[in-house]
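The same chain A turns up in both complexes below, where it pairs with chain B and then with chain C.
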Partner chain A sequence: MKAPVLEIKNFNVDYGLGDQAVRAVRDVTLTLHRGEVLGLAGESGSGKSTLAYGVTRLLPPPGVISGGSVVYHPPGDQPYDVMALSPAELRKFRWAETSIVFQGAMNSLNPVHKVSTQMLDVIRAHEPQLSQEARVARAKEMLKLVGISADRMDAYPHQLSGGMRQRVMIGMALVLEPQIVIMDEPTTALDVVMQRQILAQLVELRERLGFSVLFITHDLSLLVEFSDRIAIMYGGRIVEEAKSADLYKDSLHPYSEGLLKSFPALRGPRRELSGIPGSPPDLRGMPTGCAFHPRCPHAFDRCSTEIPVLGVPEARNDPSRSVACWLPGRVPVA
Partner chain B sequence: MKFLLQRIAFYLFTAWAAITINFFIPRMIPGDPVTSLINKFQGQMSTEAINSLYVLFGLDKNASLWSQYVDYWGQVFRGDLGLSFTFFPTPVSDILGQSLPWTIALVGITTFVSFVIGTGLGVLAGWRRGSWLDGLLPVTTFLSSIPYFWLGLIAITLLAGSGSFFPSSGGYEPGLVPSWNGEFIGSAIQHSLLPAITILISSVSGWILSMRNMMVTVASEDYITVAHAKGLSERRVMLSYAARNALLPNVSGFALSLGFIVGGTLLVEIVFSYPGIGYNLFQAVGAKDYPLMQGVFLVITISVLVANLIADIAYLLLDPRTRKEG
Partner chain C sequence: MTATEAAPTTDDVVLEAENLTKHFPVRRGLRDVFTRGRYAVHAVDDVHLTLRRGRVTALVGESGSGKSTVARLMAQLYKRTDGDIRLHGESITVNGGRAFRAYCRRVQMIFQDPFASLNPVHTVRYHLTRALKIHGRAGNGSAELEQNLKDLLLRVQLTPPERYLDKFPHELSGGQRQRVSIARALGANPEVLLADEPVSMLDVSIRLGVLNLLRDLKVRLNLAILYITHDIASARYFADETLVMYAGRMVEGGDSETVTQHPAHPYTRLLIESAPDPDRLDRVGDAKDAPEDEAGGEPPSLIAPPTGCRFHPRCVYAMPKCSTDLPPRFELPVVDSGQAHWAACWLYEEGAAK
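And then the complex of A and B:
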């Protein structure tokens, strides 16, 4: 097993305070290893993006991190808890160690500043000792890596297409060569052809630069192809975590199964598309027990009373995977 | 560039239309300026004198409307706006030349200061939403809802008067000769304080409110989150990302308010008997002084048009999206 680079432990995020608070992320424990692509999938409102904003402490109010720690392991240095950083330390940590590519590719660039201004200011903020020429050279090199010609440096965002803007954002995310890149549905706003091109490029860049990716999407079919491991979120909790191939071939949680059955396979035998009945749970009134039980075809008595614990399933006894389900054989080994 | 030329052409057309209307209105009003001037001299004028007055005011009954119109344009281009009745025989252009600097100095500087203070407070109030700065909003809104002239009258009643530091009327100490010396400038500043403060109080909240609201809107944009995620300093995110974008509507508002400097000062100058262009207009209306009115209207029209042009240019400079390529 590779060394961890980011360990999220018992992480909780609430929206609002006190009794009225909505618990968007509950008790999430997740480890990102060096150089891997970890996929995080789930329906809208399952807490995926909230988790990403939470671990980078970018949550807008009323989001509150109500517990847990996020331990970052810098290469060749002592690990530290991101949650304990002072504002100045946090600013240093951001982008230099963990950069983010956001959901809204179209609105991530400031419309009134040139691409160059927006790429150079982040280099200046983190590496003030670098000369202007060196900064420009670095920015141009990064743009070239993501397939944008250097003369687009002086373009304004509205002069670029959606795909180009997202490439610029990816280039910007890599400009300080961070250890971790969080991608929050980076290709949702793009057409499928562009999605594919950008993802293929990302995989190539990762091999060259060696960063880790936390890839958040609701498109499980993308993850199966591009990620090393996949974690499935439902109702603010991780319900299953496994290697991509294992999850695709042999998913253990009924929810993962439902997700996999809701898109067609590109290769292999034909499957019935079924989808998942019902709609995502309301975070203000979560079902008792397992949050998925009202929609689960296999639910039984225990599901509605006890919250299942995430653990290595009895039947598989494979430490690389875990599931939170009460079904026979999936109950964690004691 | 093409866009700018289009705008300039549009403003030239508007200016032509406004000046033409300015030409026709006095000619359509019942009675004519010469009759009222004759009344002023109570009939002690010869027929020749009356006829030459008609010619002087461009109302020569023997000339066609068209030739009057052409003459009028010639006068406008020469800066000859006719003779004022109230200050007969001073040319209108001289009167405007005297009063315009007062208005521009008082209201121009105040408008600028109000814009800077209001926008600055708005940036802070919008950025630190929910802090004590939000308490400022109801107070300033309340102050701005007070009718302007009433605020002025209250200020005069409470603060001005004999023995007070604030003079209640005029632009400078009577008896001083306008010149660029310390005594005169000091007196002018002293006289302008009270009107300036009342203008400031009644106008600053508009800037605060609009800037704060734009800041709040812009603060939830994705690129602000990105700027935070980039680890930029709070100051840089606030100024270069949030305020820079939120400023756009306020800048065009500011340019437009420049146009109202000349036209919008009537009440201030009446209340404080300030020797500006609004006070001129007030006197002109009272005395049926058509040439002076026409002159004031011309100045107002031109300043509004110039302000609009400045707004367009400012927008072109500040927002790259409005620039058209090619």
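And then the complex of A and C:
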């Protein structure tokens, strides 16, 4: 197995304080390895975006990180805990080590500034020793990498199409050559044709620059094709984690199974699909035991009383996968 | 599945559109006042559409291809620039008022975002009562109204209805909200439902529930449904017939299974190639995997659309003819289902039946 670059341990995020607090992320433990694409899938409200913002300490109030650690391993240096960084250290850490492409990234560009201004700003803030010429050269090179010709540098965001704006955002995220890129539904607003082009480009860039990607989406079929490993979140917890091929062919958690069966296939026989009955849980009143049990077709007594632990399932002796379910064969090995 | 049903007769046709065209004028700046040019966005050009009783017709296309404009034209929310809309063979143009209500009674629309289409300060009861009263189906007295309300909620599988009647929209989940808006549309007892991306705002795990509900309603109430979507896989799953739109024009149409399994138009092929497919062995980023697209996935400007076939700047098969002449519909040889299949592409000129 490859070396870890980001280790998230027992991570908890609350919204609000005291009795009113709603726990959006519960006890998440997740490791991102060097050079891999880790997919994080789940429905809206499952806590996937909250997890990403929490890990980078970008969570706006009333979000509070109520526990856990996030250990970052810089290449060839001592690992440190992101949660313990001082504001000044954090400012250095962000973007240079970890960058984010936000949801609806097309609208994250400042409409009143040229693309070049926004891009040079980033470089100036993080690498003030560089000369203006070097900065411009770097920005141009980055735009070329994401497939935008350098003469569009001086365009305003509204002069670019949605796909190009998205590319600019990806280019900006990569301009300081970070180790980790977090992408929060980066292609949801785009058409499928554009989506495929951007993802193909991202895969190519990753091979060239060697960063790791934490890719957040609700589109599981996209993840299966695109990522190395997939973690599935439900009700703030990770319920299953596996290599993407394993997850697709042999998912263990009933929720992952339901999610995979929620996508009509474009090829192969036309099947009757059912989706998952019921609706996602309300974080203010989570079901006892396993959060999925009210919607689970296989639920039994134990599911409604005890919270299943995430661990390597008994039936598959494979340390690369883990599942949180009480069903026979899926209980973690002791 | 309804794909195996006997070929529908013309009697089943409920709503028809012929040569449907919509141009939105572009506001002229000071600079343009002295020039002759009048600009317009060619949102929809020359669209033919037939909705039949008990059948789902899917309209697939990228954002900006004009598919929602078609739905709004069919719902008479926009005035058409040209063409004709016929309800049971009768040409209808509605300019609001009483005629519009009469039209609404028969043709109802479901919108994309159930968070926006329900009024947050009113309960489910209010929304449904209003729909029933406006369309004169509230019945006599409060007991009958109550019964009708419950029937509506039962139809969209919100059970028990008592639990949902007095809820506010924010107390419902996305799927439940969309069910309430479907119930509201059914309150008019329509013949046609125009569903504009009814599931794209919902969570993946509940999308199929709503689609299955719509299909169930189609069978039970014999509705004609226009299903607008950007997800061609769901069109294959849900619709009997699929039409593909590109830059305001229809490029291909036919039985859903045929269109998705044997796509003819280069644009439909590109669309299907690009859809995520977990079964694909080679992954994104492999050179052979990348669909061929010369213009980098950009749809053209609709203010000055390309001459000839609107897809020709992006098409890998483009011939000189494509940039000058607009391709008509060519009937394609039937592959297996016995349903008509056509494409507007010069590639099929020779093999066409006509």
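Assume the second predicted complex is superposed on the first by the 326 of 334 C-alpha atoms of A that agree within 3 Å, B and C clash if a C-alpha of one lies under 4 Å from a C-alpha of the other, contacts with A are read in each partner's own complex, and residues count from 1 in each chain.
Note that a contact is a pair of C-beta atoms (placed from the backbone, for glycine too) under 8 Å apart; a residue touches a chain by one contact, two chains touch by 3 or more.
All values derive from a computational prediction rather than experimental measurement.
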**Request:** Determine, for the superposed arrangement built on chain A, whether chain B and chain C clash or fit.
**Result:** fit
**Request:** Report for A:S279: first if it touches chain B alone, second if chain C alone, otherwise both or neither.
**Result:** second
**Request:** Go through the superposed model and pick first if A:W95 touches only chain B, second if only chain C, both, or neither.
**Result:** first
**Of chain C and chain B, partner touching more chain A residues** = C
**Request:** Could you look at A:Q132 and tell me whether it touches chain B, chain C, both or neither (first, second, both, neither)?
**Result:** neither
**Prompt:** First (chain B), second (chain C), both or neither: which does A:N10 touch?
**Reply:** neither
**Message:** With both complexes superposed on chain A, which partner does A:A265 reach: first (chain B), second (chain C), both or neither?
**Reply:** second
**Request:** Look at A:Q20 in the shared chain and tell me whether it touches chain B only, chain C only, both, or neither; answer first, second, both or neither.
**Result:** neither
**Request:** Check whether A:Q197 is in contact with chain B, with chain C, with both or with neither, and answer first, second, both or neither.
**Result:** second
**Asked** What's the minimum Cα gap, in whole angstrom, linking chain B and chain C in the superposed view?
**Response** 5
**Residue ranges of chain A in contact with chain C within the complex** = 43-44, 147, 161, 163, 191-197, 199-200, 202-204, 207, 218-222, 224-226, 248, 258-259, 262-268, 270, 273-277, 279-280
**Prompt:** So in the complex, which bits of chain A are touching chain B?
**Reply:** 56, 58, 60, 90-96, 99-100, 102-104, 107-114, 121-122, 125-126, 156, 158-159, 169, 172
**Asked** In their shared complex, at which residues does chain C touch chain A?
**Response** 1, 62-63, 173-176, 203-209, 212, 230, 232-234, 236-238, 257, 260-261, 270-280, 283-285, 289-291, 293, 296-298
**Fill in**
The answer for chain B against chain A in the complex is residues 220-223, 225-233, 236, 240-241, 244-245, 248, 318-321, 325
